[in-house]
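One chain, chain A, appears in both complexes that follow, with chain B as partner in the first and chain C in the second.
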Partner chain A sequence: MYGSGMMKGFGVTIRNLFRKPVTVQYPEEKVRQSSRFRGQEFSWFEDRCTGCASCAKYCPLGIIRIVTSPSDRHKQDGADFNIDVFDIDQARCMYCGLCVEACPYDALHMGTNFEGAQLRRQDLVITVDVLRKRAKHPSTWYRPQLERQDFDPYKQEADMQTVAREPYYWHPKRPAMLPESARKEATADGEYK
Partner chain B sequence: MGDLLRENTLYGNIYDWAIGIVGEDLAWLAYTVAVMAIILLVVNAFLAMGTLYTWAERRIIGRFQSRVGPNRVGPFGLLQAIADAVKLLFKEDIVPRAADRIVFNLAPIAMLAPSVMALAVIPFGQTSYLANLNIGLLYLIATSGIASLAVMMAGYASSNRYAMFGAMRAVAMLISYEIPLVMVLLAVALLAGSMSLVDVMTSQAIPFLLVTPLGAIIFFLAISAELNRSPFDITEAESELIAGYLTEYSGMKFGVFYLAEFANVLLAGAIFSTLFLGGWPWWTPLSHVWFLVKVMAFAFIAIWVRSTIPRFRIDQIMVIAWKVLFPLSLVNVAAIAIEVVAWPERTLPQLVIMGIINWGITAVATVAVTRAWRASNGLRVSPSARAVRLEVG
Partner chain C sequence: MTLHTQPVVVNIGPHHPSTHGVFRMRLTFDGENIVDVEPVVGYLHRGTEKLAEERHYTQVITLTDRLDYVASMTNNEAYVLSCERLVGLEAPERGKYLRVIAAELQRIVSHLIGTGFFLQDLGAFATPLMYCMRERERILDLFEMLCGARITVSYMRIGGVFQDAPDEFWPALRKLLDELPRYIDELEGLITTNEIVLARTKGVSPVTPEQAINGSWTGPVLRSTGVDWDLRKAAPYDAYDKVAFDVVVGENGDNYDRYLVRIREIRESIRIVEQCVKQIEPGPVRATTAMLFKPPPGEAYVPVEAPKGELGFYLVSDGSIKPYRCHIRAPSFINLSLLREMMVGWKMSDAIVSLGSLDFNMGEVDR
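Up next, the complex of A and B:
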């Protein structure tokens, strides 16, 4: 029939008219990202971090700076280190996630946030204080243990036990991290407080 | 003075009120006051409607394309047009060094003025027309002719190749489409037996859309081209010509062009509903509202077409005007001229008979012109052929 193609076109547009627009009005509503989203802020668990600076070594851009100093804690096992400086320069970060892959103790995780615009460039440097204070919503990217627990970073907050690959029996440095049974074992000789 | 306006009740009331204050000796003053009041009212209402229409068009076309459209400024984005106007007012008014300054500045005015002038003969509702000109249709054609001059002025004065190309295309298109447009208006005038828009409207026992569907379709297509709207917007085809004749315009001058373009859609809707949809005489207390509803319906269809059909090429546009619309409009005029001679009274049953004949003519003529056009271009005539290239020789 003459004009049937045109009628088809008009049908497409009129159907759109009565359909909900696909637009997501960003500041009010947000697109839900995947839980494996490599987001902006990093989730860092200080209790897990030994200050080994693997992340800094593996960073292709060299934007992570770690300064540590020996502390008085847990002297029996060799000194525990204070993390004095842990600067991540987000202005140059490309969110490759190599630092997260490199972390041997599962202390550093990608985040799930994507709204980190700052007015000044120096504000883009994440300092250790910021990392300490931040709510921990780690991405499940490169962290299968989180996915195994059905961890949803958009609803839950992680603690240092949730993010662990396995119970740290092999590293009973911080008894608080151990499961109840292991903790009793470790504190039986009275060395750990 | 003001005899042409006496049928307008609002004018009459203001005039009588002013006469009551200044007395019969100063009738000219009362006349001036009343006329100024009416002009202020009509022009501002028209421009405000045009502003509102820009918002409505952007919202509706957004929904047609599964977007939201402007919804930030004010409730539902209603104040978007005001925000845009403020933005445009604050922009620097750039005039190219090589531009013809006078013509360059005059062009936006020449663009907006005809649409305001054409309002004079539009019957908005019962007793709400400014003038019942006996040559109303001719006046409409004359005023709409100025718009193509304005486009040419803008393109020429910008001293920009893109602007000049856009203007040349626009003028070629406007002049080509004016011929079928005038042919349709001629048929309408024949049918109504008068060129006065009020008479055309009152003679519609049934809307002329049903009596002369071919005319209505041709008129719609031709007026879309006259309005530079989407299937025919080659004058500002941004992929080819940046913005056509608007390239060098910025600030409020651009805004005036923009406003004129959108306000013209409302004007076209008013003309279309007067000529083909029977205007206001449906239920007289709400005649204005009824008229407005028809204008809105036209505007909605125009937005629908704009959001659906992609832009034609310049040669395709010329072919549509000269090889399709022009013969069809000739057929339309001839058919209606014969019918008017056969049934000169044009009563309701006669109009119905005319309508039935015209629907048949519309179907036959459309198919015949399409087949002839396809055959002349060496295309397969059968419309069932899946992939018919729209090649134009």
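Up next, the complex of A and C:
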């Protein structure tokens, strides 16, 4: 019968009329992102960073700039560097996360936030001071050790001991540096023995 | 008194950078009949092939996301498969299955978008498109769980996928697979037997199998003409040789068949994902590769069945950490080759519908 197909279509429309809307009124209510979300508030742990610049070399766009200088700290253990400049130009960042994947010491992590609008273009550059002060809510992207701890970046804040595959200490000769919670040996995959 | 008439040249496009608007057609009309059509491409050219020559092999994965931006997973897959062929590497079993799951979900996304915008071009403004978008969002949520991004996924890596799926992914996928067929039924109820859609699309712009093969058509548009050609069956890659599915074939090669093939392929994709969920076993997801991937000199080309057709990256390696040449065989661009055969002789309103039925993506056409 001519018109039956159209009546069927109207049936679909009417059925959808009585469904709950899926639209979320954005600024008032927000959808929670998944914990692997590659967001823009990069978490950076200065004590873990050695200034090796793997992230800068691995960035497809070359937007990370690192300048280091030698410091007096831990001289007997070898070199320790000050991170003088750690600029991430978010105006050009595409949040691919390759810098986080490249970081050998789990110092840099993707963040969670996505509301990064700024009024001036230079405000989009994250400087080392911003990274130092910022609350650490690292995304679990490429960090299976965080997923194993059921880490929720939207509720918890990470500290520098639990965030990485290996607990942090400077030298085996100085076990005093090692906090009680971190006195575990870890394999490269992040499995604790 | 004699009335002198002459053909009128009308430019259609370029309008909007996200739809197939930046595609420009110079249509020559005689009254309302199309006499000639000339495609003008290049408004979205970003030089991906050249950019790939100055990036490491892994960094190029982020560029492939931006080719066909509604089907990033299959772009990733095509690229990493070519890279793996360069060194004779193979991904672990679980990695292969995860790739197939991601690629088939992406195919559903792409076909939903294709169907939605096809109807948009028919004049069904926004409502059916929003139904398609609603289902697409659910799949994009899954991608966000999987890899932290919705569109520019960068999920696959040379030698597998970058990380295993999180625990919450599997129940969410199960829920989607249970509910999606019902929504596809609904969508089909809206379109497939609709008299307006039938009148506007059935028998319009038919393409014969000979024309399609001569025009190097691939993908759903080729299968709509009745040619049984699917790279997932003809040259199985990843885990496609372990799953059972039917190649959907159309009959007439008209606009309606091109739509119908897509909607049926969504059902086949759901079937493939169901089987993958059943067959997948725990294990490693990524073969061990160096951070800086450095293949020996040589060349590789592995085509995959992307949602739009045969997608392949022809990589030439000179033994360094960057590809010497990266040629992209983009299905959207080559599927535009039969535009004249499709449109000449039809009316202006049919030209827009035919263009929508091709389901091409400008990011891939101009690269």
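Definition applied: the second predicted complex is superposed on the first by the 149 of 193 C-alpha atoms of A that agree within 3 Å, B and C clash if a C-alpha of one lies under 4 Å from a C-alpha of the other, contacts with A are read in each partner's own complex, and residues count from 1 in each chain.
Definition applied: a contact is a pair of C-beta atoms (placed from the backbone, for glycine too) under 8 Å apart; a residue touches a chain by one contact, two chains touch by 3 or more.
Here the structure is a predicted model, which is why all the values come from computation and not from measurement.
In the superposition on chain A, A:Phe86 makes contact with neither chain B nor chain C. When the two complexes are overlaid on their common chain A, residue A:Gln25 makes contact with chain B while staying clear of chain C. Looking at the shared chain after the overlay, A:Pro60 reaches chain C, while chain B stays out of its contact range. Touching more residues of chain A than its counterpart among chain B and chain C is C.
Shared-chain residue A:Ile14: touches chain B; no touch with chain C.
By the touch criterion stated above, A:Tyr2 is placed in contact with chain B and with chain C alike. Once both structures are placed on chain A, chain A residues 2, 6, 9, 12-13, 16, 22 are touched by chain B and, in the other complex, by chain C. Per the touch definition, chain C reaches chain A in the complex via residues 55-56, 58-59, 61-63, 65, 127, 131, 134, 137, 141, 144-149, 152, 154, 162-164, 166, 168, 186-187, 189-198, 291. Those residues of chain B that touch chain A in the shared complex are 60, 62-68, 71, 304, 307-309, 366-367, 370, 383. Taken together, the chain A residues at the contact with chain C in this complex read 2-6, 8-9, 11-13, 15-16, 22, 33-38, 58, 60, 94-98, 101-102, 110, 139-142, 144, 147. Interface residues of chain A, counted against chain B in their complex, comprise 1-2, 6, 9-10, 12-14, 16-17, 19, 21-23, 25.
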